[in-house]
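Chain IDs A, B, C and D follow the sequence of writing; residue 1 opens each chain.
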Amino acid sequence: HEEPLIFELGRDGKCGVDFPDVKVGDTHLGGLRRKGKIGLPGLSEPEVVRHYVRLSRNNYSIDAGLYPLGSCTMKHNPRLNEKLARLPGFADLHPLAPQSAAQGALALMSELARWLTTMTGMPAVTMSPKAGAHGELCGILTIRAAIEAKGEKRTRVLIPESAHGTNPATAAFAGFTVDEVKATPEGRVDMDSLRSKIGPDVAAFMLTNPNTCGLFERDIVEIAKLIHEAGAYFYADGANFNAIAGRVKPGDLGVDAMHINLHKTFSTPHGGGGPGAGPVVLSERLRPFAPLPLLVLEKGGIRLIEDRDSAPEGYKPFGRMAAFHGQMGMFVRALSYMLSHGGNGIRQASEDAVLAANYVLASLKDVMSAPFEGPCMHEALFDDTWLHDTGVTTLDFAKAMIDEGYHPMTMYFPLVVHGAMLIEPTESESKESLDRFIAVLRGMAEEVKAGKTERFEGAPRLAPRRRLDETAASRKPVLKYQAAE
Amino acid sequence: MRYLPLTADDRAAMLAKIGVKDVDALFRDVPKSAQAPREAFDLPDAKGEIEVERILSRFAARNVAASDVPFFCGAGAYKHHVPATVDHLIQRSEFLTSYTPYQPEISQGTLQALFEFQTQVAALTGMEVANASLYDGSTATAEAVLMAMRVTKRPKAILSGGLHKQYIETVETVANLHGVIKRAMASPGRAEDLLPLIDDQTACVVVQSPDVFGLIRDLKPLADAAHAKGALLVVVVTEVVSLGLITPPGEQGADIVVAEGQSLGNGLNFGGPYVGLFAVREKFIRQMPGRLAGQTVDADGRRGFVLTLSTREQHIRRDKATSNICTNSGLCALAFSIHLSLLGEEGFTKLAAINHSRAVELADKLNAIPGVSVITPAFFNEFTIKLPRSAAEVVEELAMKGVLAGVPASRLGYADDLLIVAATETNTDEDIAAFVKALEEVL
Amino acid sequence: HEEPLIFELGRDGKCGVDFPDVKVGDTHLGGLRRKGKIGLPGLSEPEVVRHYVRLSRNNYSIDAGLYPLGSCTMKHNPRLNEKLARLPGFADLHPLAPQSAAQGALALMSELARWLTTMTGMPAVTMSPKAGAHGELCGILTIRAAIEAKGEKRTRVLIPESAHGTNPATAAFAGFTVDEVKATPEGRVDMDSLRSKIGPDVAAFMLTNPNTCGLFERDIVEIAKLIHEAGAYFYADGANFNAIAGRVKPGDLGVDAMHINLHKTFSTPHGGGGPGAGPVVLSERLRPFAPLPLLVLEKGGIRLIEDRDSAPEGYKPFGRMAAFHGQMGMFVRALSYMLSHGGNGIRQASEDAVLAANYVLASLKDVMSAPFEGPCMHEALFDDTWLHDTGVTTLDFAKAMIDEGYHPMTMYFPLVVHGAMLIEPTESESKESLDRFIAVLRGMAEEVKAGKTERFEGAPRLAPRRRLDETAASRKPVLKYQAAE
Amino acid sequence: MRYLPLTADDRAAMLAKIGVKDVDALFRDVPKSAQAPREAFDLPDAKGEIEVERILSRFAARNVAASDVPFFCGAGAYKHHVPATVDHLIQRSEFLTSYTPYQPEISQGTLQALFEFQTQVAALTGMEVANASLYDGSTATAEAVLMAMRVTKRPKAILSGGLHKQYIETVETVANLHGVIKRAMASPGRAEDLLPLIDDQTACVVVQSPDVFGLIRDLKPLADAAHAKGALLVVVVTEVVSLGLITPPGEQGADIVVAEGQSLGNGLNFGGPYVGLFAVREKFIRQMPGRLAGQTVDADGRRGFVLTLSTREQHIRRDKATSNICTNSGLCALAFSIHLSLLGEEGFTKLAAINHSRAVELADKLNAIPGVSVITPAFFNEFTIKLPRSAAEVVEELAMKGVLAGVPASRLGYADDLLIVAATETNTDEDIAAFVKALEEVL
């Protein structure tokens, strides 16, 4: 049975809520009362429930299975966090309620800030960015403001070719030109390339560390030195913080700014694509330029500074990332996660995440091909060398995993590796679960090598849908339902 | 630790398989100087649920929840009743704990829901297409300005003084890098004349309706004037429920409509997470930011949905992308969509009517208090009153009496004697009476 | 992938909760400290979540589809009711908290009692029975107490052969002998049979009305008269109250006692088999014998009477059905349901339930065989006459519905009909949903008639399991997990 | 009405298909005299969610929740912390809104969970088999007595005076119909000598441990004496958490163990719904009441689970059934089982240890108050104190001071100066201090 669209299910005369009738005059509406119908379908509550329950059953989820999406950190989402985020004191608190009526919320933000600065070894954090990419933008704009405050003109941002797409997009969005730094055959920043590109017009170097090949940048201290000597800033993409949280302080590596994806490292649920939250930790020299709002501890309580004029001495906020004060709902969840783990648990989680990835790597590298040597961090990278001449592509292999009950790994990223398959098991998987996953992938790989490739062509076959025609979708986009004539 | 499934034995066996002595060996690429021992972190150890719940409950108890008191704050975030069904459904594991639907074969639940969401948003705003959501209304407004600059290849954006102050600042922060932002002075209770500001360098005019003071303004003349100069009209709606009663921006000539969708399905959450709506004329779809769910067919010819037009996006286009956005506000969009599905045409228009009716009743009663005047001639569920003294002080005094009376305009940088007041379906007769009585007492 | 048992998943050294360590001396335990291990498996929280999420996906549910189980009233379960039952003032209230600290709970019970007595037209209700069968027992014990109070000796209980199994089981459990009353060819109580059985040794007649054939007992007034003239009591099984709530008051029919399944008519969720709740409404002459506890309105509040000695003048509680005061959690849900519907909505719901059943009956009676004439009430009964000589049984047909995405109807009940199929769609289904269901059943029926019977043999094929060997299960029962040697 | 999907048009079309004029025609078999019009019901009309929520919240607000105050009530119902995961999982649509698993092919979720529950209960109690739950501990005790009478074909049951008073009454209410119940006098703080009451007409001895006053008693001598006379020992446990620390009844010779399972996974709920546990020696399984989930294979040979031995049950055996039970406490059993799965061996034994430790600490402090003495020599997380005056009055006075201090024994018909006090993992040091201080003040 195929679940129709709500527009196909609904009909006039039904409604899933009950309100008293009310008459409205036109006098207060400035003559702009809506005339026509909106076109919303009418459904009773039971129909709505069934529709969404049925839809949900077509989704894969971390609650139902291992979700090895490299670079996405699909870890366990504790329900305690969901429960606490729903306490009326948080969920039902207005962002412009008098600050005297929101002291608990401000205190919670301060406490979360303390955890973030302590874990990163950075002196400051700005909380308002609403997602990782938004945090990147915030970080780059902070850097931009610092440069402008010095009266400098720096137009280029250096980014390794293995970076997430958000890095170059962010730099461009912030008005910089992007210059790519090459990777070494070992999957790390090519120091020669970096040296050749660095210069007085460089505003920043953006680096993910551990990088998207799943490797720690060994030369990180040297890199930071180079950047700083050139008068540029070191931006770290915190997407892979889960590999090192509780073991390594980015501040010790010379980082000037780093966003933290609360929805990755600190487990706020991905929700099918958001909401996220991306607070940005800042070095001392960037701290004065952090955007509004600012949190200031005063005697008698905490004050939220919402406009430039009220900023403390020495602070020159570069602007505002969004209305209000950030993703409070996510802050509650993240703090609940942190308190639950404690410093020891966060360290253990990072170690387990790295251990799990290396275990997968060690268990599969004889049947699949790993492009780089040495231990990986929290994700294991394979390429498609081992698929050459089999007729099976990375895509085929990954889609066939669906028929085995697994979500595919990240494919074709990072771009520096051919036919990349990036596996991030996270610390949430038991050894039994990892062993089963490894056994399934080994079995599949051995089938490919034995030439039994039929099942890979056009996989998946057992999912709610077979492969979807993405070309048709984009050639003539259908972006909303339209009733048949 | 309850969330970590590996035992000491497991770890030992895994290390053996990897062929290293201990887990430190896996971190060997980290410079020694950056290897911080446990003691280097001034953080407490793990806590059980009971203790964590106690700590966070204490934070929560120090806030005044909107449901605790007669409550009239708005100015961009509104207290509405969300049916219990909504929260139940969005907590389904399959919605809550899934990733962005990059693998459509096993993500049809999210994708179909987003497609339905887009259809709903287009219908509400009176526009042709909508995306699958942005972070919130303010960032959506900034994206709209940037998009208008891309589309028109012009540098200037004109912002109405009735646009929420924090939206203005959000727009300026990013759009200043790409063009010139002209901000009109705020004129509470009046629709300022923006026409003289429009010239042939103008990419767009951005206007909010109802505006931050609650004023409903006629958008048609503005649309005509903008279009005459080749500029776009961007309309911002911070209270989507108003679209159940007011002529939608799309029917008044808007080219881009952005809105804050919090009112449907989502709680106040002290400002986030919210959900930004973004709707445009069809001709602009390839210039849109954010994700789009599109309809297609699978290999068996069955209807299905995918993320589409991703060549606009950062993970494909990198520095040439229309925006750097990666995450959207998927779960909030789902909540919005479920709430709107429950409401349907009848429920949504009734909800809007009740909101308006409550606000009219409140406005009439407040206006009758000596020294108080309602300065917003046309409004939906929010209006501004002029007080004989500082609104911020009055709000603090009313808070002591257990009434959260609204947002003082000064909080947003406007005049000291103005109070922005909202009423919704959640306000009872008793709430209104309590507000009126308390205000009479403090004046 | 088959989900293992938790005992197969779990292992020593894992735990899904965190507690501080604590040392316990033996001194306060009377020397009875546990020595050996219990044998519980250890699992981390993510493993527990995944286990139960995966298990759940093997279940059918009303949220996911039409659930036409006759006699079970699988209607929509509003989530509002779940939310309200979880308010700390209800969920976190101790049954023996001082009554002054529980006045809201007692007031809620009184309010629910008022709704139940108003709807049934009966003067009294006793709230404590924990399920339908428990309510039946309560009703029969009340009758027994009334008989004893009169000094009579009555040993027989009359029950129609179409009755639910709980009726004879209850009567026997309460120490009575059971005597079956025949059904007419029209599916109703055979008045001649009843007349022949009634006598001075009859304690009660137990009747479900509408009866289990889905028919209203037309002679109900006459039946009540006969019973009362014999000095016996009229017990009504309220399982089918959903057909008549808001339209018919059982009190007007001469009923002396009737239990009400809150988990049927008033929509408290079935939860895979409970908990239920079965308050019993009582006639004036039975009221004095209702069991403890009693609710009494006094000035200043409501008093819960928990022992016989405190009972008001004239009350002689026959005993106690259970510790404490009944299924409070279910009371909250039921009252929420009632307030939401209102008197008008409850009436409409009953009408819609009856309408839906008749619509199914009218739409299928030409392809399936209906044993009885005339409109049905809220469930439509078919027999297997139409399956004769097809090689397909009622069981086959019902199990094949699973492959079509439906839960089977109730089968082989009531016993008075051969190969019975009892369909109760409830008022929660839209017309589109009913039409689709009818179309599927018609299609299946036509296939059977056309001799295309292969798919029915051994159906289902598309369920998480094929038919299970129930004989093996009961021949050598395996009722718990035992680790392999 | 939001729950009813049929429209007026739908109803008309359906009536047309049926071939009747109106819905009244479908009720034609109802005697005219019993056709009540809408007006005959003095009931309000339908209400929206907002209003229903307001009404029920007002009821809730008039109760003192256990989490609102320092809380020490027990006597058969215990406040424990239930992990958030439990409530999330039991609210999955597939668990919450499914029926009794009569169709095993599409009910394996519930059936496997019940099979696991049975295994857990057997392990906890130290018994060989357990059923899939009964209504609660008290009704389970009544069923145990009836079962003992069936098994032994003897008429007499002896109930310990330490058995919860309301359990005694529940047992007497039904078992009196089938035999003779002898009830021993309560002897708070002492294990009465039941041996002399056992004779060759005795079907069973029923004893609770820890008993209603908190006393842990040695069951072995009782088991031996009962068995020597051919009688069964029925052991009742109202606080299952005690089984994490105390020798299980099964190891002390019990033949039937019944328990109230509320402590795990389930809230206080003012007394219900709760979940009755029922475990027996294997030889009695065909005499057991209630549902049983059993393991089997499907047509493809795959392991699966079914309800089994249903020939004991009313829907098959009718008046020959072992019990009239139809519904069990499925969802509560699921909650119990999930909570216990989270706890596991380590968590469950730790939980028990913490409970005991809290109670010992509280007992020591209360005992030190002049005029107060702890009369329970051996206890788990509950004990009884003797006060110099009416415990009921003291409880009311302490309630005024914001402490719910326990259950006065007089509430259950025992002596006026005894107070039954429980402490659990949810009690903080501050709770204990507040109790001690308040008690000192009122004495």
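Rule of thumb we're sticking to: a contact is a pair of C-beta atoms (placed from the backbone, for glycine too) under 8 Å apart; a residue touches a chain by one contact, two chains touch by 3 or more.
Chain identities (UniProt): B, D = Probable glycine dehydrogenase (decarboxylating) subunit 1.
The structure displayed is predicted, hence computed values, not measured ones.
Counting C-beta pairs in contact across A-B and across B-C shows that the higher total falls to A-B. With centres set at the average Cα position, the gap from chain A to chain B is 19 Å. If you average the Cα atoms of chain A and of chain D, the two centres end up 46 Å apart. Separating the CA-averaged centres of chain B and chain D is a span of 47 Å. Residue positions of chain D touching 2 or more other chains: 1-5, 7, 46-49, 53, 83-85, 87-88, 91-93, 342, 425. Looking at chain A, one finds that residues 12-20, 43-47, 49, 53, 57, 61, 63-64, 76, 78-80, 82-83, 340, 428-430, 433 touch two or more other chains. Viewed as a network of touching protein chains, the structure reduces to a complete graph with every chain in contact with every other. Against chain B, the residues of chain C that register as touching in their complex are 11-20, 43-47, 49, 53, 78-80, 82-83.
Within the complex formed with chain A, the residues of chain C that make contact are 1, 9, 14, 18, 44-47, 49-50, 53-54, 57, 61, 63-65, 76, 78-79, 340, 405, 428-430, 432-433. Across the complex, chain B meets chain D through its residues 2, 49-50, 53-54, 81, 83-84, 88, 91-93, 342, 425-426, 428.
Listing the residues of chain D that touch chain A in their complex gives 1-5, 7-9, 46-49, 83-85, 87-88, 93.
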